[in-house]
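Please read through the structure below; I'll follow up with questions.
Here the chain labels run A, B, C and D in written order, and each chain numbers its own residues starting at 1.
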Amino acid sequence: MSFEQIIFYIFSAILVAAAVGVITVRNPVHAALFLVMCFITTSALWLLLEAEFLAITLVLVYVGAVMVLFLFVVMMLDINIAKMREGFTGYLPLGALVAGGTIAVMWYVANNDYFNLTNMPPPERLAADASNTRMLGEQLYTTYVYPFEIAAVILLLAIVAAITLTLRHRTGTRYQKIDQQVRVKRDERVRMVKMESEERK
Amino acid sequence: MLENYLPVLIFIAIGIAFGGFMILMGFLLGPRKPDSEKLSAYECGFEAFEDARMKFDVRYYLVAILFIIFDLEIAFLFPWAIVLRDIGMFGFMSMVLFLGILVIGFIYEWKKGALQWE
Amino acid sequence: MLVELIQSFFAGLGWPWGLPEWMQVGLVILAKIVVILVPLMVCVAYLTYAERKVIGFMQVRIGPNRVGFFGKQMWGLGQPIADAVKLMFKEIILPAGADKLLFLIAPVIAMAPALAAWAVIPFGSEMVLADVDASLLYVLAITSIGVYGIIIAGWASNSKYPFISAMRSAAQIVSYEIAMGFALVGVLMAAGSINLGDIVAAQQGGFWQWFWLPLLPLFVIYFISGVAETNRAPFDVAEGESEIVAGFHVEYSGMPFAVFFLAEYANMILISVLASLLFLGGWLSPLEGLLPESVFEITLLGSLLGPGLHWLVVKTLIFLFFYLWFRATFPRYRYDQIMRLGWKVFIPLTIVWILVVGVMIITGTPPWFDVA
Amino acid sequence: MNFDMPNFLPAMPEMFVLGMTSLILIIDLFLNERTRVVSYLLAQATLVGAFILSLSLYSGNAELSFSDTFVLDPMAGVLKMAVYATVFMVFLYSHSYLRERGLFRGEFFVLALFGVLGMMVLISAHSFLTIYLGLELMSLALYAMVAMQRDSRTASEAAMKYFILGAMASAMLLYGMSMLYGVTGTLELTELSRAVQQTQGDRLLLVFGLVFLLVGVAFKLGAVPFHMWVPDVYHGAPTAVTLFISTAPKLAGFAMLMRLMVDGLPGLQPQWHDILVLLAVLSIGVGNVVAIAQTNIKRMLAYSGISHAGFLLLGVLSGTPEGYAAGMFYAIVYTIMGLGGFGMVILMSRAGFEAEQLEDYKGLNQRSPWFALMMLFIMFSMAGVPPFIGFWAKLAVLQAVVSANLMWLAAVAVIFSVIGAFFYLRVIKLMYFDQAREQGSLKPGADLAVVLSANAIGILALGAFPGALMALCLQAMGA
C-alpha cells in the first residue's frame, strides 16, 4: 500500500466514524461538531484527488461559514432532545434494513467494470507547480459564464429570501445616525452667550 | 502537487499535539482541589439563576446567513482574480455582472435595515 | 545561503545516518517545523512582554521590571517565562455544568489553526516549509476554523458571560472575514497568483512597487479587519471586561487559559506577517530601485540592504507595534458600531476598489500594472 | 485563450427578466403601502415583455449558446411563453388575496419572478449543470414563497416539509447526475446521449444513475411515490402561493423530464420507459383514489394534481414525438385547469376566511349561479368530460399510449379516471343540490370575476377548438 493510500484510508475511516457520530450522538452540538469533522476529512480526500481549490474552499465555506450558522442555531435552540429521539428505536430495524439494502446495491453497482482500473486508469498526477485554481478560473468565467451568472442569481435570491423570512424590526429602537453626527457643525450645538459679569450678592 | 501538502499535514498534527500536550502538562503539574463553589458558573458572585443556553436574537442568524452568501462570493472571486490577465475583457465583464447582481442584493439588505444592529 | 550552511553542517555529522528515505523526509520536515515553531513561541512570549512595556511607556509607567535572569532584574525580561511557569502550575478548573471534553478541546481548536497556518508562510524566496499553490487560500481557510475555539469555549462553559461573548465574537469575526476576503482578492488580482511567494515576487522593484500603494484602501481595511479578527482592542468586545467580565474565557484557568492566550498572540503575529507579505513586499528591501545595483553587491552591507528575512521581521514588528499602539490609544467600539463598520463601510469600499483594480489591470495602468 | 464570444440573443428573455426583477427589487424599497401597486404592475410588465421577446425569438430550429449549456428550441419557446402566461394569471388572481392578508409585498413578486427565471433556465437547459442550477433557483424561490406567511404555523410547517424533501430530491438528482458523469465523462446533453449510445455491454451503472435522476424529477412533478409533500404543501401554503406552485413549475418539471430523458438519455429509453410506467400507474391510482377521501378542497386538488402528473407521464413514456407533444399538451392544459381550480378557491375566500373546506362550496348555485357554472366547467374539464379541454388532453395521451402498444395501461388509466370523476362530481353536487351554509350572494372583486370567467370560458373554448394548441405542441416537438 502506498503512502497516499494509507492517508486515504485513515481519513476515510475518520470520515465514516464522524458521519456515524453525527446521527447517533445525543447532543445536537456534538452532532454539529462531528459534521465539521466530516467536512474537514472530506476536504482532505478531495485534496488527494488534486482538487486543491475546491478542497480548501470546502473548509472555507462549509467549516468557516455554514457550520458556524449551524452551531448558532443548534446552540440557541431549546429543543427537548430526549423527546425527539422517541420513536428512533422504533424505526431502527426498518432504517437499518433500508440502509443495508442501499449499501448492498451500491456495492454491487460500484463493483462494476466501468470503474475498474483498465476502464478508468488513474489520471496523471499534476506537476508540482500546476495551479489548480488557475485551471478552474480559465474555464469558469468564459466557458461556463452562463452557469456562473445563474449562481450569482441564486445568491441574490438567497439574500432576498433570508431577509424576507427572518428580518423583523424591533419597534422603538433608536439608531445612531453617524453621518449626521459627523456632519454636525459647531454652531448647531454650541451657543455663545455674552454675559455681563455680575456682582455677588 | 500532493507532496507539497505533506508538511502541512504534519504541521496540523503537531499543532494539535502541541495544544493537547500543554493542557496535559497543566493537568500533571497543577493541583486538583475542586469544591462546589469553585466549580459553579461565574456570575459576579450570584448563584446562577438558570441554564446559560438561552435564546438569542434572530439577528445573529441573519448575520451568519449573509456571511455565508458573501463568503461564497469571495470563493468565486479568488480564481477570477488570478486569471484576470488571461481571460481578458470578457472575463472581466462577466465578473462585473456577477458583482453587479450581488451589489443589488447588498443595496437591498442595506435599505431593508438588515445590516443595522439594534 | 543559510540553508546551504545548515546542510553542509549536517552532512558533516554524517547525515542521513543510514535512515530509510521516508524517515529522512519526515525528519527534515519535523526539523523545519521546529525551526518555525520555536522562534514563534519565543515571539509570542515576548510579545506579551512588549505589550506591557509599550503600553506602560505610553501611559508613563514602567511596566514589568522585576523578574530577570541570574538574579539580575534585566528590565523584567524574565517576566514571560515566569508567567508561563506560573500558569503551568495553576489548577485547571472544570466548571460543574460544563461539557468537560469540549471545554478542554476548545483551546486546542483555537490554537492548532493559529499554528498550522504557519506551514505555508514563506520567509524568503524558496524559504518556505510547504510550497503549496493556493497558500493564501489555505491561510484564510485554516484561520477561519479558529472561530470554533471561541464558540465551543463559550458554549461548553455553560455560563452566561462566555456564551454571550462567544456569540458576539463569532458574529464579529465572521463579519470581518468578508471584508478581509475582499481585500485579499485585490491582492490576488494585483499579483496574478494565489501563492504567497509569488505575491511577494510580484512586488519586486522597490518601495513604490509594493502593493500598499495601488491597494491602499484594501491595505488599511485588511489590517483593521485583522485587528477585529483577532479580537484585539478596539474590537475586543468578546473580552469586554467592563460588560462581560472576560468573555469566553471567564471559566478558564491554568494551562487551557494560557493556550487561548497563545493562540491570540500567534494570530496577531500571523496577521502582521501576512500584512507585510501581501502589502509591504515581505522580505524585499525598500531600497531596491533607490540605491544603485552595485551597492547590493558589497559583502555584508549589501546583503543587509538587499532583500532578506530581516526586512520581513522589521515590517512585522511595525505591524505588531500598531497592534499595541491601537490598544493603548483607542477606546473600545460599541457592538453596533463594529457591525456597522464591517458591513456598511468596509464591504462597499472593498467592492469598489476591486473594480478599480480590475480596470487598472485591464488597461495596464503604469507603474504597477503596465507589464504582464 | 481561444474562446468565442457566446451568442447572447437567444437568452434575451432571461436577461430581461433578471434585469427587471432586480429593478423591481430596488424600486420596491422606495415604495410605501399605497404605491406598492407599482411593483405589481412592473412584475406584470416584465411577464408581458418577456412574452413578446420569446415570441419574436420563436423559430422552428434549435439554437445552442454559452458553450452548449443553453438551448433555445421550439419546445423551450412554447413552454416559456406558457410559463409567462400562467404566472401573469397567477398575479392577477392573487392581487386582492395578498392585499387582504398583508402579503402584498414586493418580495412576493420578486420571489415569483426569480422562480420564473429558474423555470426559464430549466426549460432552456442543455447540460446537467444548468438543469441543476435552474431547478435550484426555482425551488429556492418556491420554498421562500411558501414560508412567506411567517406567523402561520401551517405555512411554516409546509415550507419545512417542502424544503427538506425538496433538498433530498435535489441530492438524489445530483447523485444520479454524478453517476452518469462518472460513466460518460460529460455534462452536456448531446454528448451525453452520444456517449450513452456508444457504451457497450453492461448498462447497470447508467441505469443506476437514471433511477436517481427520475426520483428527482418525480419529486418535482409530484408523482407517486414521491408525492408526500404535495397535499401538505398545497394545503399549508397561502392559496395564492399554492396557485403559483401548482401550475407553472409543472411546465418546468415537464421540460426537465424531456431534457433529461429525451435529449440526454434516449439510449436508455427501454429502461426509463418501464420506470415511468410504474410512476404513472401509481400516480393515477393513488391520486384519484385518495382524493375521494379529502374534505379540504386544496388537498383534493392536490391529489387531483398528482393524478394529472401521472397522465402527463403517460404521454412521455410512449417515446414518440406525438407522445411528447401529447405530454406537453397535457402539461399546458393542466396548468390552465389548475389555475381555474385554485383561482376559484381564491375567489371564494376573503379576509379571515379561506374557503378551503368542501363544505364551503355547498349551495354555491344559490349564492352565485354564474360562478357555480364556472366551477362546473373547471371540474368537468379536470374529470375529462367532453367537450372541455381536459377531455382532449386525456384523449391525446391515451392515444399515445395505445399507439405504443400499451393497451392495458390505457385501460388502467381510464378506469382510475372514472373513479376519479366521482370527487369532481361531488363538488358539483355540493354546489347545485345542497343547501348553502351561509346566505348572501358572492361578490368578488371585478378583476377576479373577469379573470376567473375568462379562465373557465377559455377551458370551454379550447375544448371546442383544441386543434391550434395541439398543432403548436406537435410543431414544438418536431412531430
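Assume a residue touches a chain if its C-beta (ideal position, glycine included) is under 8 Å from a C-beta of that chain, and two chains touch if they have at least 3 such contacts.
The structure displayed is predicted, hence computed values, not measured ones.
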item: A-B or A-D, whichever has more C-beta pairs in contact; value: A-B
item: Farthest chain (mean CA position) relative to subunit A; value: D
item: Mean-CA-position distance for subunit B and subunit A (Å); value: 10
item: Distance between chain centroids, defined by C-alpha means - subunit A, subunit D (Å); value: 32
item: Centre-to-centre distance between subunit D and subunit B (centres being mean Cα positions), rounded to whole Å; value: 40
item: Distance from the mean Cα position of subunit D to that of subunit C, given in whole angstrom; value: 55
item: Residues of subunit A engaged with two or more neighbouring chains; value: 52-53, 57, 60, 64-65, 68, 72, 75, 130-133, 138, 142, 145, 151, 153, 156, 158, 160
item: Multi-partner residues of subunit D (each touching 2 or more other chains); value: 1, 3, 18, 22, 25
item: Residue numbers of subunit B (touch at least two other chains); value: 1, 4-5, 53-54, 56, 60, 64, 67, 71, 78, 82-83, 86-88, 90, 95, 101, 104, 106, 108, 112, 116, 118
item: Contacting residues of subunit C [partner subunit B, same complex]; value: 25-26, 29-30, 32-33, 37, 87-97, 104, 107-108, 111-116, 118-120, 129-133, 137-138, 142, 155, 157-163, 167, 171, 174-175, 177-178, 181-182, 185-186, 188-189, 191-194, 245, 250-251, 254-256, 258-259, 262, 335-336, 339-340, 343-344, 347-348, 351, 354-355, 358, 361-362, 372
item: Footprint of subunit D on subunit A - complex, ascending; value: 105, 109, 112-115, 138, 142-147, 150-151, 153-154, 156-158, 160-161, 164-165
item: Interfacial residue positions of subunit B with respect to subunit D in the complex; value: 86-88, 90, 101, 104, 107-108, 111-112
item: Interfacial residue positions of subunit A with respect to subunit C in the complex; value: 3, 27, 29-30, 33, 36, 40, 52-53, 56-57, 59-60, 63-65, 68, 71-72, 75, 129-133, 176, 178
item: For the subunit A and subunit B complex, residues of the former touching the latter; value: 4, 7, 47-48, 50, 52-53, 57, 60-61, 64-66, 68-69, 72-73, 75-76, 78, 125-128, 130-134, 136-138, 140-142, 145, 148-149, 151-153, 155-156, 158-160, 162-163, 166-170, 173, 175
